[in-house]
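Presented sequentially are two complexes of subunit A, the first with subunit B as partner and the second with subunit C.
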Partner chain A sequence: MTVAADDVMTEEAVHARTWLCEHGLPTGREEDWRYTPVTEVRRHLDALPEAPPRQREVTRDDIDRLAGQHGPVRIVHVDGVHVPALSTDALPTGLWFGTTHNLSARVRLQLTTPAGDPPDGFEALNRSASQDVLYLLVADDADLREPVHVVHVSTGASVSHPRLVVDVGVGGRIHLVESHVSLDGGGFTNASTTVRLSARSHADVHRVQEQATDAVHVGRLELHHDAGAHASVTALSRGGAISRLTTVALLREPEASCTVTALLAPGIGARHDDAVTVDHLASRCTSDLTVRSVVPERARVTSSGHAIVRPDTVATVAHQRTDSLVLHPTGQADSRPWLEIFADDVRANHGSATGRLDDDALFYLRSRGIPRAEARDVLVGAFARTLVERIDPPSLRDQIAGWFGPEGTA
Partner chain B sequence: MLRIRDLHASIDGKEILTGLDLDLPAGEVHAVMGPNGAGKSTLSNVLAGRDGYEVRGTATLDGTDLLALEAEDRATAGLFLAFQYPMELPGVGNAYFLRTSLNAIRRAHGLDEVSATDFLSVAREHLTALDMDPAFLSRSVNEGFSGGEKKRNEILQMSMLQPRLAILDETDSGLDIDALRIVARGIERLRGPDRSMLVITHYPRLLELVRPDRIHVLDGGRIVRSGGPELANELEADGYVGVTDRIPA
Partner chain C sequence: MTDIVQELVERTYEFGFHSDIDTELAPRGLNEDVVRLISAKKDEPEWLLEWRLAAYRHWTTLEPPAWQNVHHPPIDFQDMHYWAAPKPKGPAPASLDEVDPEIRATFDKLGISLAEQERLSGVAVDAIIDSVSVATTFKATLAEAGVIFCSFSEAVREHPELVRRYLGSVVPPRDNFYAALNSAVFSDGSFCFVPAGVRCPMELSTYFRMNAAETGQFERTLIVAEEGATVSYLEGCTAPMRDENQLHAAVVEIVALDDSDVKYSTVQNWYPGDENGVGGIFNFVTKRGRCGHRAKISWTQVETGSAITWKYPSVILQGDDSVGEFYSVAVTTGRQQADTGTKMIHIGKNSRSTIVSKGISAGRAQQTYRGLVKVLRSATGARNHTQCDSLLIGSECGAHTFPYIEVKNDSAQVEHEASTSKISDDQLFYCRQRGLGEEDATSMIVNGFCREVFDELPMEYAVEAHALMRLSLEGAVG
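And then the complex of A and B:
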């Protein structure tokens, strides 16, 4: 049987739209959305047109400048639409790339897994409104160590719904760098990425949110693990007046594991809400969540770590650690661990700490001639450093180190 | 060089320096001795510009009013304090710290910054002179350093920054015999007609290796006695009580 690609998508989109009509967007009363300023997000969404009135042309230089260059393969999405002219043609063996409009029969077969009900209204909106879904397929046992860089550009004051689906075959491996940037301010990005990890596969995902300071960003990253699959997620966020990132890892089969690391560096007065859920649905699954946030004047960061351990599972490990550095008395950091453990054989712990800049350390630096502002940058850089050091590729590591001063503190 | 007159310092309403006078001419090394809690570290901190003290009186370095300057500006004016308890800075690389410091001071004097490579070769020379393992450069500042290693790291900073006025607050405490010699050598190397040093110590041993021009006894927040190097022996024999008892109130 042949099904037109558009039909496959329409089905998912139609379902999502129906769901959205019935349930609507989150209101902020839902447990999952309590710490996101949903009313402001919705107001921003309502005020913007779906498509930019006159799209500014995006050049390769723009992409280099905004998102950097992090691997031989680059795929560019502008306001939710794939732009082949800015993307790489040649792909390494074992990697297949397509969009809604050019799905081959082989790919279609892999993607006909019914998506089910959307977990929330933003995801429903993304599914129903994304015009050009990007698909990346990694063949069984393909070992793609060089990063695949997917760049989503918002050109200005409009709404975009970038959507990316990654399917990693049995024993396959991919290193994905996903960048979200803005050419001009004022945009609303409602992004969603799903990574399906077949047995024994491995995905390394670096998600960089560096949009304009007045942009609103709602993002979702969903991981589906089969047996023995491992995902390593690093979320790096600094842009946006409001930024919400939902990360969900479904460890569906035994011995699946994931590490989730988030580094949040909102601007002055910004709100960042980082919500991670790891669902340990099978035995011998492990998860490790590490969050660090740097909170300036009037900014507010909330980091929630929700770990679920299902009944009848054994040998689960679930760790969480959140540290915040609050730079100003008007900054606020909240950490909300939420453990739902329905099994006995579990090693779970969580810890969190909120600190301010150490006056003694500041004095030590200043006593060596380092001006106060620079001394502060050095200490902030040092706080972020343990996470920054682990970032790969080095080009991205340098880019993120630059958030905390002109050069790293190593 | 350094001129202190009627210096008072209080913290939380408690007066710790109670009218201290001290003159340290250019090219000289003076030692400050005194019982625990006398105010020696307080004097160092107040001169280096640590926040939290209520300060009265004057302290000038080559005529510049030190007390009016921010801590970082005192450093660029040539003051260096080797801390009694050097802070640990996890995540801040030692080499980066030293280079940032060196460049901040050079910038303030209108000099070009040194590049990372030039810096490293200079730093290596200083490390060798202090018999320090170059691995110290790649570690976080003082993190996990032993007590003696922290003190040596202070001397490394001092020898690289080449201050005009160095205050060493018990840099000899906790050093093994060899390290003490190395630190003494570091001090001797820095000695010169344009530099002065204030060496705070409890032990005559350092003063045998580094012959001070004068020794001051600090007690109760002021200098209660000053004399030549021989004062160290007198202190050793009679203790602070013996020495200060003979001073009319």
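And then the complex of A and C:
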């Protein structure tokens, strides 16, 4: 039986909704969610209206102010709906863009996620409730080094489910900057991004979460790698009273590789939970995970890394490194660096360190006449700099470096 | 390597013999009557019976835990005997010479010659078969120093005030499913009390032997070191080869009061089952110690046996400047499964802990390190260093590392490092170009891998641990 594209879309949403009705949202008793304050997340979700009318108009100035301009191409999604008036018309050669409403049936059929079970309740909710999915297609061998900036804006105390699907053709390359920002506070964002990397393709993904300090953000970034594909992911998380980001890289074919870097800098009293899973499903795959978190007063940051090496794979390399800097006696840092190895031809390791600012370094700076607060900022900035310096484009690098200055959260 | 792996998988279990000892069994299954029967057999006081019954009633409300990374068919807790004891052939033996010769022969075959131990080695041994203690050596010598070392049943009779004060104070009966089960039906075990300021004059040792079929073994060990006391305690265990799985659910509690030092070493060699995974012991154990100010508890374990091992020797670092250590070598071969590790709970200021875990997985075995380092708000200046390394031998085995690190105090320094790999071709090549055969080279590399832990074992057990390792990896390490 031939299934029309519209039916496929409906089928995916219906399946996700059915699954959600059966399984519900995760609870804190589930291992993957034990460090996320799921009860508070659910309470927040229940208290807000679903899919409300846009709270207020969003202007280009708002976007510039909230998310910056990080490339010639900008695509804006407000409360989960694409806004052409705020987005770039002209696209570079080799890049193709569409949404649920204007995409041809053939392309939608190609891009629709196979109607398998959602991995968790929040992804099921996103699949079933997302109003306007954004699709980015990169043609085979297209080399798009200039960033494509996708901005998701939450306008107020409402629930939104932004969804982005990126498909990179064989030998293609894309540089994606994805920003999540809030125009007003109190919103709930349940975001999902899927990046499919065909053979020998390459994706640089910068995901910036800088929502309002009282917002709740639940996000999922899933990467599917074909043979020889490489993804470099940088997750930068600062906003939200509660933020949970799940990153999953599926290295499905030989010689796929993945680098995941995360910098977590929540505000005072916030809860941030960052969970990264890299599944080495084929031989000669490599992965490298680096997480740094800065934990201020009453904040709690959890960093989970999970490297899986499947049976019958060979020559796998998996590294993980987690460092947490606790700035206040009431801050809490949790770390869960996991290795799950089912094959012997592997080199896997992880390292984790948790501590506060080095007293000697602080004393040294103060003995040079630098005030305590400034000395602290210098040392926190130095801790983050290793990761900040890797950020490209420079405009985004400067934006993130600003998090750790005198005006920054940390 | 293929031949080595094959030999490794086909290794035989040296201690799988079965002794023909007349055994008394409780009726199959578990209910309040069985709990009362066990208590009556041991002539226990009323408070202990009530303690058991409360634990049993709580146990009936619990489900077996399913979160651990091991797989086994459901255990039918009503299809086993909860009490098995060698039938006494007259009054209780007053000395070793009066112990049933068959029992003594059993321990001789295990290399734990009770008489020889008493004469030569200077190690006090409590020997336990199935549910009861059959002999304890050196009691008089220890008594001179004020050290109480006896079976748990004897401690209940002779020192009820001590038992009542400390029993369940570290592992309460409601702690978890198997701790509740153990609290309801525990049969015997060892009790050790070292008074304030006393350095125990010799190593203490308990040897556990599971002999009867279709039984579970539920021993309970309680060690109390008063202020400034020092003691080193060793335990070993074996069981016959049988086609059915047998359950071993023990509880070990250590109370280390201020300035005391307790070293607890284990060489665990329960029957691991055959090459097809048939039979073997399910070893589900709760071990925990509590440290007072400046006290130290050190767990050292060499785990080579059991079809399934599930245990996490832990330390609650309650006192300021207290120290917890965990040194572990776990070897799994054939179809063995192990989910083991430790918990270090930092409560006191400047408390320190060290974790060194070495896992060797071969054949089709699956091994998991699971650890928790928790620094509470009060633990100013706490420090932890964790190192867990896994070595894989063969392409069908697995090694997994699941650490949890929770730090609630900004002055704490917590470090964790782990690695998983096979024996590298470069290492093997280097050894072989120096003239070593492949087996000798592998042996040397594996021993080097484990040395950090073996160095922590008391001399008596270091020898046994080396021997066990050689047996476990027979073929691979020459």
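Assume the second predicted complex is superposed on the first by the 388 of 410 C-alpha atoms of A that agree within 3 Å, B and C clash if a C-alpha of one lies under 4 Å from a C-alpha of the other, contacts with A are read in each partner's own complex, and residues count from 1 in each chain.
The definition used in the following text is that contacts are C-beta pairs under 8 Å (C-beta built on N, C-alpha and C of every residue); 3 or more make two chains touch, one makes a residue touch a chain.
It should be emphasised that the depicted structure is a prediction, and the values quoted were computed from it without experimental measurement.
Q: Specify the outcome, clash or fit, for subunit B and subunit C once both structures are aligned onto subunit A.
A: fit
Q: One more residue to check, A:V326. First (subunit B), second (subunit C), both or neither?
A: Second partner only.
Q: Specify the partner with more touching residues on subunit A, choosing between subunit B and subunit C.
A: C
Q: Based on the superposed arrangement, let me know which partner A:D312 touches: subunit B (first), subunit C (second), both, or neither?
A: second
Q: After the superposition on A, what does A:L339 contact: first (subunit B), second (subunit C), both or neither?
A: The answer is second: A:L339 touches subunit C but not subunit B.
Q: Touch test for A:T27: subunit B only (first), subunit C only (second), both, or neither?
A: The answer is neither, since A:T27 touches no partner chain.
Q: Kindly classify A:T39 by the partners it touches after superposition: subunit B alone (first), subunit C alone (second), both, or neither?
A: A:T39 contacts neither subunit B nor subunit C.
Q: With both structures superposed on the shared chain, find the angle between the C-alpha centres of subunit B and subunit C as seen from the C-alpha centre of subunit A, to the nearest 10 degrees.
A: Once the structures are overlaid on A, subunit A sees subunit B and subunit C at 80 degrees.
Q: State whether A:Y364 touches subunit B only (first), subunit C only (second), both chains, or neither.
A: first
Q: What's the minimum Cα gap, in whole angstrom, linking subunit B and subunit C in the superposed view?
A: Taking the overlay as described at the top, subunit B lies 16 Å from subunit C at its nearest C-alpha.
Q: Shared contact residues on subunit A for subunit B and subunit C?
A: none
Q: Where on subunit B is subunit A touching in the complex?
A: Checking each residue of subunit B against subunit A gives 48-51, 70-72, 74-76, 80-81, 83, 86-87, 89-93, 96-97, 100-101, 104-105, 108, 140, 157, 161.
Q: For subunit A, which residues count as touching subunit B in their complex?
A: Checking each residue of subunit A against subunit B gives 358-361, 363-372, 374-375, 378-379, 381-383, 385-386, 408-410.
Q: Report the residues of subunit C in contact with subunit A in the complex, numbered from low to high.
A: Interface residues on the subunit C side: 67, 377, 390, 392-422.
Q: Quick check on the complex: what are the subunit A residues that touch subunit C?
A: 31, 295, 311-312, 324, 326-356
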